[in-house]
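Have a look at the structure below, then the notes.
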């Protein structure tokens, strides 16, 4: 039984972490099919074997190219990795550090909202500073959680 | 003692997660020496300080270039990051959500096999849709685990 | 209470993991403002909407370019992702595998020191093999932890 295994998922702050970590990871995973969509509609591929269905030999080679829409999605995907990986690690330790439930929920909700808004700001695209501010909000939330983890657990 | 610390590693589903998470991370780490191998054999580097042993001044500058074999390994490495990070986070929460051992093992084994096959399909390379299908299988396994996590732990 | 939730953060090896995982993630996060600093001072941007404050229309387009200093920081950031993600996952499982506290501390301290030195070697830059060796030290520490995890938890 789960309850015998661990009380982790009986704890509401840990359940909130599990929920928001899963949501932001699913959002990040969504970048892959979006990249594929733009690669196919813009006919812009990175690998020769991906262009075979568009023709043979020289006629397929012209689809080995970069496209600004594809590169934009890829930059958004990489920015997700750079920011969601710290959230995953620091957020897990934060959830284990005994935060107030309401404080923990506030951190997770703001981070999740900021990253979803960041993706919209990147892909539409919205004028700056929309994307920059949404990045900064998620960054600040992660720093705040890191402070709590180090205050609770510091062991050098 | 470990058993006093936590029962996590006494649980078979969690041990299975620990095993497969470590295997796919070691597989991902293997991309670094493979990149180094192609950089050295193709003499294609990104940093001026890396080319010093191949000559001085202008003669070394010609090795600051991109190479299709190097770029292929780097794309495989980035694809690993994009897919193994969600597996690490969602898989950990899934292992804590009390899955049936046989179901958990099935998820972890299919994901591990799919990612190893994906790397082979990328590096050999195998014709499409080999790489695309192996990517999709790992992706679907992660979505299935995310569904179980949200069903068990949802706390917005 | 934290103690009721889990004994994880009562364990000194786990607290050491929490401390060093947070430190290397904060170090990785530092790469984002460093990238922004070089993008602004070198006037080298990836997105048209980021160049608006530097002029309108054609005059802003010339800032959509790559710059060697910006690219160097971005390579360091990606190398962090490639190496810190395995440390996060394998290190967490290692901390749960019941290591001797002194052995665990040695692993975490060497990894943390190696990655901080790697960033310095990349950004200054120091001559090779400084960067290569610091990468290899962090890599070896992660392999050593993976060996302990698989020895303790192996369940295929």
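In this document, chain identifiers A, B and C correspond to the written order of the chains, with residue numbering beginning at 1 in each.
Note that in this section a contact is a pair of C-beta atoms (placed from the backbone, for glycine too) under 8 Å apart; a residue touches a chain by one contact, two chains touch by 3 or more.
Which chain is which protein? Per UniProt: A, B, C = Microsomal glutathione S-transferase 1.
Note that the structure is predicted; figures quoted are calculated from it, not measured.
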Among line, ring, star, complete and other, which one matches the pattern of chain touches?
complete
How would the chain B/chain C interface be labelled, same or different, where same requires over half of its residue numbers to be shared?
different
Equivalent-chain rotation between chain C and chain A, CA atoms, steps of 5 degrees
120
Taking each chain's mean CA coordinate, chain B and chain C are separated, in whole Å, by 16
The positions of chain B in contact with two or more other chains are 6, 8, 78, 81, 85, 88, 92
Touching chain A in the complex, chain C uses residues 1-6, 8-9, 12, 15-16, 18-19, 21-22, 25-26, 28-29, 31-32, 46-47, 49-50, 52-53, 77-78, 81, 84-85, 88, 92, 109
Given the complex, residues on chain C that touch chain B span 6-8, 11, 13-14, 71-72, 75, 78, 81-83, 85-86, 88-90, 92-93, 96-98, 125-128, 131, 135, 139, 142-143, 146, 149-150, 152-156
